[in-house]
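What follows is a set of structures for review.
Shared between the two complexes below is subunit A, which has subunit B as its partner in the first and subunit C in the second.
Entry: the complex of A and B
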């Protein structure tokens, strides 16, 4: 009986959410269409400048680059939350891996080692979070905040010890864009396509650094894992109905551990991509991560736990950020401090319109296996 | 059974997101623990954090390079000595009351107190200044948590309140000249409360009427607040005579009167007394008024409170407004005590307030000692910085803050440890937690899988 009522309730709210999402997606498409029409009619107006800018590959390129850490963290967050553990500490995982990537790459001189070390650091911190939540039944929200605060304190602390300031040194070597990487066949093709003006904004797709393609890969992998494999089914069951999963002989705790550690892996990639992109870790104030982990949470909520949806909603936020610099250069006079708040306000508006997402039934709850009592 | 109560109440009745409900269930579990047990858990969390912090210090000491090792354990030299670091951190913050020659373990029975030490020293003055602001931000977070709302936005509410009150006071300076300058202080506090309250009401209303998760909205509003404050101070209200990004100075009369402590310190006993009065008022509001009762029951059992006739949407907005108002007053008090002008960025008192409130178990009175502890940590960090013998980065305090929250969040861990020691203790506690579970499942928390 309670099953039936719960289902009715969730059906209703899913419908409401779809409306909210469609509204926003439709609104975005409509706004773009209007923008281009008005922009073409009045090329000298502000709108004209804006639509001209959006037809260049530049903003789209930065949109892709900025989206990498957020999307990767979001895909990780999807796994954790789908399994029943709300990982609000994604921000902390990004911070710790962004620092570790630079530190390890700087010490060993190898970007690959830095990348691996970043993932390891993020997974270790995720493990702490998992043990605290799964083993010791901590409140997931408070434990997640603690993970964030620990990383927020530790990364600048470590940077001060090693480099004498909250910021690290700049790496001397950087990750080349694929078109400059000298890979046979691929690089020349990308180079040609990235300068083919006929492609318009789509040139951005071929100008990106490898991390952008990693993001596409992880999104595809995440979607496949979640929807087409046994593991994905266990993860979803662990979040929706852990008792049934337990009854069918799968260890719920083990699934949840795997899911949280996986969120550590993906967030670790994201953190490394973030700091490699700049070549440095900056640890003053909110650090260079600056809320990206929290935007990731909003992105997957808005994307309804679908990795592809999470990536698309991330694009929405990062395009707002990416358009800032070109707007400044074009002399459209809105102060940068205020434009900088746009993604954050965007998040709030999205949350207000979408409202409640139907989160997994057992997310946030501790699950006790039968044998323990 | 339990889901019925939620679903036939339809959307507007359900107070907030499902996340919120689950969070509330978690908070309820925290509140179930008796005050004594809570205090014990907080103390244990503190001790454990300090112990792990010591390991971090040692590990950091192996990584760092220094000319002479500060200490040697097991044949390895370390650049930082945890004992000396903690000595500076805790005793430094009190102005070094303990005589270094006093060492009863080694048979040195010198006078225990350092000669000439008084509780009115400058170091302790700084500690208490920090404490004063932290009590307000801690109180702000605690009020919201009590109502079952995770207000992470105290920082932003503090920034908005502090900036708004500074700007209004500056604008009113020509009106209130001479002796009337004194009137600016209460006006500033009221303005800070109003603007902080309004900024807190935004996520409250979004949660109550649009089901937007308050953890996310408040964090986002923190970013918005700091950017807007930076813009306003830099572009609109900058002090033209200063190189730094700050507002004009408030006139000399607009400050809390200074008693007992030296004029060069920022601390004002009057400000502390004012803040303690707010603590008492908050305690009274929560404990002895019907609004406070509504607020607490909403925090413990949202559905039950709803059934009992509590307007949950209004309670959410009201408690967020009060929370924001306390944060706004915190911003005003910070501006008035420290500088007499507003300068972004505001230090992270709001985030420390979260730690203070969690450590205090969301008890308004418990906020005072918890805030003092963090005042000690922040002030001790400065005495570490000024001591040439201890070179450890002060970001260590940030690590300790995170560790303390992590351990306070897992009372179960300490109960498990406790169980190992006392068998009798185990039985009584387990009985207690069973009851708590039962109450929880009746309260309409979705997903009763944890119950048997």
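Entry: the complex of A and C
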């Protein structure tokens, strides 16, 4: 570990990044291997129980479902921050879209309308954030916190007005898993694969709700947009050296607006997926979003602004969460509060020690054409 | 020959200033034209008008014999005018090809993807055509400043520029890279491109340009073919009075040793040894110069002498007292002044006003501070004294340091450091990026301090400067002193060889030059 850390520090920065992260990935795989070996040797020990549970599709299924809102928000956050606008308001976007999805779906009876309304609400709030940050040059961190606090106050308030309590009603209809959706050919195939014991935990992949596949799609799309299209190049240039982009004849403000609004689109999908999964919006305390937007920021930093990396980091966090309930059922108590802090401890370790995350040079800075030089 | 660019009677006003006053400029196609002038003479403003960043109040811009109206740089680019700014406009983590094509990316699949192969081959073609050695897949952060400048030139060429404007292109380059740049100029003009470059260095204008236009206070004071003028004539045009290009100084009258470095070894931040067993002594009333190409250990050596970096071996002494472990603060109190190499990073706090900047380094000592309480009245008077004595303009102690021109910032730093009444001064690149008038003034001040009995260590990569000011001259290469020579008794070629790490026959290798022996050498004059 120390040897690799030294390598990462002295070598080329990009290489160091890759090395450090591959090391973490390797470490995780190694830990699982060790777990299963020890678990097989001592089936009655705690490790044995854990490895037995991890061979079931259940925890993996939960891991995927729990990861959806976080990953979607993270991909959105990547676009905003890569363009130079740190969107710390992701949490707020998740809250507002989670509420709007239930409200609109409940009112109209259509899950599709709810989905669209959630995205719209999230984009509108992101637009407020964008205008305040880009046009009026507000501090991005403070404006982002304001977005969170506005949503945190507004969503339960609206729920109280409409439903008389900070929690909404439960939806009567829900999004069926693909295997139950009755799609010709696809559904039967998924049904078969999801019950094929030979696949082991991979059965989870075929039990998932459509939102999980949406997440995979958005991650792939996000990666492609960022790395293969001219829009992606402009986003990256805008966050690193906006002056370079401006002198090349591209409007920096427009690129930043587009990136922040895109973060609103993805976070809106995440919020809708979250509340459709639960079927209800609960608005007491931190609401049911409960820090997922902040974990999303941690996830994309952990994943070094790579959508795929952000998704894998999210899996790491949500698997820890997913394994808690079955462990408790099996009689092994895990302090969930402590588990909840692991992502944050992890990100500090990663940011400080292993292959430092490369934060965009101009992230957090305002840009105005013709100012200074 | 045809005229590629003709600026006719350009007048550009800013609130309170006329930056360009009825300026004419004609540039022939396929030539290199130098725009020469001191800082603030209006060179960059004029070129920004040509590039569409500013629009002029009066005058015509004619490119390719057609009158043009450029509202934005985009218009200028479309008319074949490209500009390479002093601070590069490059995205560090992106590749050369991505930077060159940024904003004009070739696309494929109905615009859904950037055609990276075509971008790469486009850059390769340009490199072949103009003889650039640049790999399109290299990341900007991994290549040298010289290559980054090539990338900027490629960017302009890729967008179809026929006229290239370069703003102070040599300011960031090493002497070798400057030579390389001038070769690029030749290659470009051979193929019909036209080059306008802004500079305040006479030698460069004479060396690289076909024609030279001199601006002073926003007015064109003369356009001449480089072959028909002299450095003295150009200097006089620039400054408006006769300038002493050669420093006149009286012979040194050295006293006892004031500062000594004994066999010091220094490692840089990456733990590479960059200064190897360097020893020297500076006596009262003399200037010891250190010449060398930038990056041969001078920065780390100076940081070690001034207390910003610890040597891994050896020590330094001030007035015979070992100060190796003394803090920077204690060294200042003991009479060591320091003009750092980078006035933005190390010399001044740009967002502070001159009162606060004048206090830096004295903020904890009487009469400016008393038990933690700063006397702002005294600090104000102090700053005003410096401003008056060192002719800092504008003469306003409340001005933000960042609002001053480079020359005036530097004069203020020199004033602040000399006001400590130092026994020993370390001056690194004291006139880098400073106009001729201020340079002359700073040189006089350094020599004045020497004559008053202080020891001066001068580090500079400008040969004229170290040769002219030093009483003894050390040449540094790859962390070692190649030789300590008498600057009046050595040719420029010999110094150049020493700087390049070669040893002319008459400078035999001195194992460990005894500081005292070296001192006597210089003392003969």
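Everything that follows uses one rule, which is that the second predicted complex is superposed on the first by the 325 of 373 C-alpha atoms of A that agree within 3 Å, B and C clash if a C-alpha of one lies under 4 Å from a C-alpha of the other, contacts with A are read in each partner's own complex, and residues count from 1 in each chain.
Rule of thumb we're sticking to: contacts are C-beta pairs under 8 Å (C-beta built on N, C-alpha and C of every residue); 3 or more make two chains touch, one makes a residue touch a chain.
Model, not experiment: these values are computed from the prediction.
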item	value
Superposition-derived comparison: subunit B or subunit C, residues of subunit A touched	B
Subunit B versus subunit C as contact partner of A:289, first or second or both or neither	neither
Partner chain in contact with A:243 - subunit B first, subunit C second, else both or neither	both
First, second, both or neither for A:233, with subunit B first and subunit C second	second
Touching partner for A:340 - first (subunit B), second (subunit C), both, neither	first
Partner chain(s) touched by A:361 [first = subunit B, second = subunit C, both, neither]	both
Which of subunit B and subunit C A:157 touches, first, second, both or neither	first
First (subunit B), second (subunit C), both or neither touched by A:262	neither
Contacts of A:136 with subunit B and subunit C, given as first, second, both or neither	first
Subunit B and subunit C contact sites that coincide on subunit A, given as residue numbers	13, 241, 243, 358, 361, 373
Subunit C - residues contacting subunit A, complex	53, 72-74, 77, 85-87, 89-94, 98-99, 102-105, 107, 111-114, 139, 141-142, 155, 270
Touch list for subunit A against partner subunit B, complex	1-2, 5-6, 8-9, 13, 16, 86, 88, 128, 132, 136-143, 145-154, 156-158, 160-162, 166, 241-243, 285-286, 290-291, 294, 297-298, 301, 335, 337-338, 340-341, 344-345, 347-348, 351-353, 355-359, 361-368, 373
Contact footprint of subunit C on subunit A as seen in their complex	10, 12-14, 228-230, 233-234, 236-237, 240-241, 243-245, 247-250, 358, 361, 370, 373
Complex contacts: residues of subunit B adjacent to subunit A	1-4, 6-8, 11, 17-19, 22-23, 25-27, 29-30, 56, 60, 63-64, 150, 152, 206, 210-213, 215-217, 219-221, 223-224, 227-228, 230-231, 234-235, 345, 351, 354-355, 358, 392-393, 395-403, 405-406, 408-410, 412-413, 416, 446-447, 449-450, 452
